[in-house]
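The following pair of complexes shares a single chain, chain A, combined with chain B in the former and chain C in the latter.
On to the complex of A and B.
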């Protein structure tokens, strides 16, 4: 039984990490007064970029070659190649977010319209590019598994093995980023500027802070984190293959997390792991009720989307709590007064 | 120096001018994309733009364009009602699915009638299904103050799983089929084509009627006026005696009804049966969001945008299969069009002033 609990915990860490990464990024974006609903789109594009990068970077040795065409190959990936792919995913995510930033900050487009557009179009674009990107069909491509950080003998250690040593590089990274963002927002001068811009952009502008520049930077940071989250889902969770619409709404879960957390980093962590446990329970509940018919199992598949709705309803019933922490200028277009 | 000066006069020109710029930008970017991707860009561009005219099966192509236009426009016009009033229903895909499910349920409940006269009842069941599914986020918003944007989106995934449940469980049809699907509805209830062997069917006419009716409501009734007030000056809405909660209810009911109608028509005209969600839902409800914004939330604009996007899609699909250009072209054109329209919208509120006038300010402008 305790083995099952450890399995669930290890799996929920794996599943919570992309939510946490994307939510940390979006938290900073919203703290600066911008609401970017394009998280899902940026995750899809970043995920595809990470997959393509890893496919190109991985060491591939052909084991079966006929007439110059390779039929079977031995692929392997080391940590350095993995980090390279993650960097590319983050850069592509930031570039995608920059488009949103230009539209909303420089061309004063509606945040919600631009964000929704980014999501819908990111989904369409990643589907068509994944099917044929410069002549390669990535739905048929296979990448090697990313190795664990620690040697295999360490992973065999009970409890600590699967929970700590067996985890992917990005799991500890997500914790580091959470602490870093918390420290940045609440204990640094630059973080104070970000919050000032988010609370009242006119006052911040009058004090001489570059409102648009600050927001562009936070938007691009959010995009980079969403790109990382997408790449993590593709490379570490669902590997070795890429499929269309691979994030299945995780970007929206990240947005729901911000509301759940009422813009506080500590509660983002709590929420991410609650959602992570629900996501991890779903296949295991199916295994426990293995005699359950296929059609009923679809209700378990819907569980990770029903739970956030219930959680949001419970949290939203107290409007004071939401208003107390919400950035006052959230979602408002900034038009400098002259 | 470039400066933006708020417009004091709003006319037809201030609306049309940004759209012309957006259209120009889209055409330029589309050209560049095709130049980069294609080996014979000029002939490909020509084919893409004229394919529905010159194809040997022109009526088939036009049927396809109009059919796609009708689905996108009917959902998008419904969504635009809420979007105007800052009520964000982005779960039209789920309401579309539930419309199909409800239409099929109505068909079974009434004992599988085999007369075409039952079709309006079946469509009404579809509308009711879409409304029912849309009422969940509306109720959560009004009662529990829950963000309707996120809940309506989450319910898309739930609806997709309900569709999977009914097609693998209670309504499972032929077990030898390669996919989970229900038995087909009776032949007489499957909407027929207006022109033989094309996709131009009577469902397109029904959608068109719904769009016209809704456009009249938005443009010429007190309710439509109240929505426009809510859009432009949210506080005035309250003073004028329009309740924000009523706006939320009506926005969701109307958008759910339109998506549900589209779902019922889709069931009757395209597939004739329910199929597992991966093979049944193809993102119409999500594309419609983009169409709504492309049309600047105006009924005429939405129909025009839906038509243009469907037209380009048909051409792009052909060019892709004929000369091996990525089908990403159509998506890239959509991306560019949306971002160009959103990015130039500010031109309807501001004038761009260049040179010395910009520095000296409005006194000289």
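On to the complex of A and C.
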């Protein structure tokens, strides 16, 4: 029984981490008064960038070479190469977000339209670039599995092995970033400026804060985090494999999570992990009780989406708290008054 | 101006997934895909078939990717019909109603719907592969390779196509190893790598040492490889994703059918029909069919030899995938067998909505 709980927790970390990464980034974006619906698009482009980077960075030793063409190779990846690929994913995610930032902050385009455009751009562009655009068909490219942070023998340690030692670098990173973002928003002066810009951009501007610059920076931070979330899905969640549309709506889930968590980092964490745990539990229940009715099976499939929403709505239904946490200028275009 | 720019950008990108080539008095063939060709599974194999048509002289092809199943597909199919396509393949079960609806509006265009059974108009054909023939061979291998006697089966939707596969697999497996059991996890999706992987991991954690999947991505194979158990490739050759896990892949092979039908349109000989090809077109050792098996790996030599012998016997028509007697879940003899047939009829197989004896679980009727 305890083994089952550990298996579910380990699986839930894999499922919750991309949601958590993307939602942490978008939380800061929304706190600065910008709503970027393009999370899904940024995840796809960032994920592809990370995959291509890792493909190029991995150590590849040719084991069967004929006339200078390699027919079979032994590939391996170390943590440093993986971190390099993650940096590329974050940078490309931030650059993609900058396109959205330019449209909404410079041209004052509607946030919703520009965000939806970014989602479609991300899907279309990653499809094209991941095909045969660079001379390599990345849908068929093979990249070695990223090793766990700790030596393989450590993963045999009970409890801590699968939950801590066997995890991917981005899992602890997502917790660190969550705490960092919470601290930044609520305990630093820069965080206060971000919130001020999100509450009332005209007042913030009158006080001398560079509203557009602050928002460009938060937008790019959101893009970098979405890029990392995409890289986690493409590289670490299963085994490295680029597939068009591989995120299958996780960006939208991250957006919904922030809403139901009423812009509070702790509740984003709670929501992401409730989702992860229920999603990990669902196939296990189906496997153990394999003679369950299909109606119940259908219901279990819907549970990972129902439970976090219900829980977050129940604990966040205080209207005063929602008003206090929701950025008042969310989604409004800012035009400096002279 | 800025708003217009944004709208233009968004609308231009909506159709960004269209793969199109210009046409001049050529036969234009359109394809509707449920997923991306990069799934390296179901849609990938249809795209290989499209390329076989494209390679012919006098033919051009167009493909629309990631088209949602259901009423939304009407728009995509109409778009192809409106732009002068002479023949349109809709390559997923969920396009059935949409295909027949659009076909009624465009009587001069020929429509081909994969895995469906409704031909409401003269200009609609249906076609599918007898993929269950591959499941028979998989079941034989499972019976001989499993050590835990637990098979994990990731199933997409409770439609006859999927149920037929489970039955064919277990019928053969039970014949060679009566202790073998199957645990079925319904994921209710064709393509969601994270979900397919979570299901595979859950089945492995629960003791399964062989994973069979009726979904589109190689994620279950990748999970099996990491966990040190075995798995089968689905729709395309997935051996590269499981060096030590891969047993055999059931590969969909649409090339000959797509070329045959495209030529029929060009020659004016196209007629509405239903095609169901197995390892061979006629099931009697004739021309190449719509299904083949690729890369037997990671099993003892005698198991591999017998598996290949079963494949050959099915291809030549020396045996059937569902030979009588077949008992249903409740122990009753299948109606066809009671009526004196030597095997289940195509009609029974096409509408199969019941499990054979030895499979737990219920299917809503």
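Here is the rule we use: the second predicted complex is superposed on the first by the 297 of 338 C-alpha atoms of A that agree within 3 Å, B and C clash if a C-alpha of one lies under 4 Å from a C-alpha of the other, contacts with A are read in each partner's own complex, and residues count from 1 in each chain.
FYI, a residue touches a chain if its C-beta (ideal position, glycine included) is under 8 Å from a C-beta of that chain, and two chains touch if they have at least 3 such contacts.
Since this is a predicted model, take the numbers as computed values, not measurements.
Contacts of A:113 after superposition: both chain B and chain C are touched. Contacts of A:103 after superposition: both chain B and chain C are touched. Judged by the touch definition given at the top, the superposed model places A:279 against chain C, while chain B stays out of reach. Touch criterion met: A:7 reaches chain C, while chain B stays clear of it.
Once chain A of one complex is fitted onto chain A of the other, the partner contacts of A:142 are limited to chain C, with no touch recorded for chain B. In the superposition on chain A, contact of A:27 is made with neither chain B nor chain C. In the superposed pair of complexes, A:298 makes contact with chain B and with chain C alike. When the two complexes are overlaid on their common chain A, residue A:242 makes contact with chain C while staying clear of chain B. Of the two partner chains placed by the overlay, chain B and chain C both lie in contact with A:131. Chain A uses residues 103, 107-110, 113-114, 116-117, 120-121, 123-125, 127-128, 131, 248, 293-295, 298, 301 to touch chain B in one structure and chain C in the other. Considering their complex, residues 83, 88, 90, 140, 144-147, 149-151, 153-155, 157-158, 161-162, 164-166, 168-170, 172, 283, 286-287, 289-290, 293, 326-328, 330-332, 334-335, 338-339, 342-346, 361 of chain B touch chain A. Of all the residues in chain A, the ones that touch chain C in their complex are 4, 7, 11, 14-15, 103, 107-110, 113-114, 116-117, 120-121, 123-125, 127-128, 130-131, 139-140, 142, 145, 233, 237-239, 241-246, 248, 250, 279-280, 282-284, 286-288, 290-295, 297-298, 301.
Contact residues on chain C toward chain A in their complex (touch as defined above): 2-3, 5-7, 9-10, 13-14, 16-17, 35-40, 44, 65-66, 152, 158, 182-188, 191-195, 197-199, 201-203, 205-206, 208, 217-219, 222-223, 225-226, 240-241, 360-364. Contact residues of chain A toward chain B in the complex are 37, 99, 102-103, 107-110, 112-114, 116-117, 120-121, 123-125, 127-129, 131-133, 248-249, 252, 255-256, 259, 293-296, 298-299, 301-302, 305-306, 308-309, 312-313, 316-317, 319, 338.
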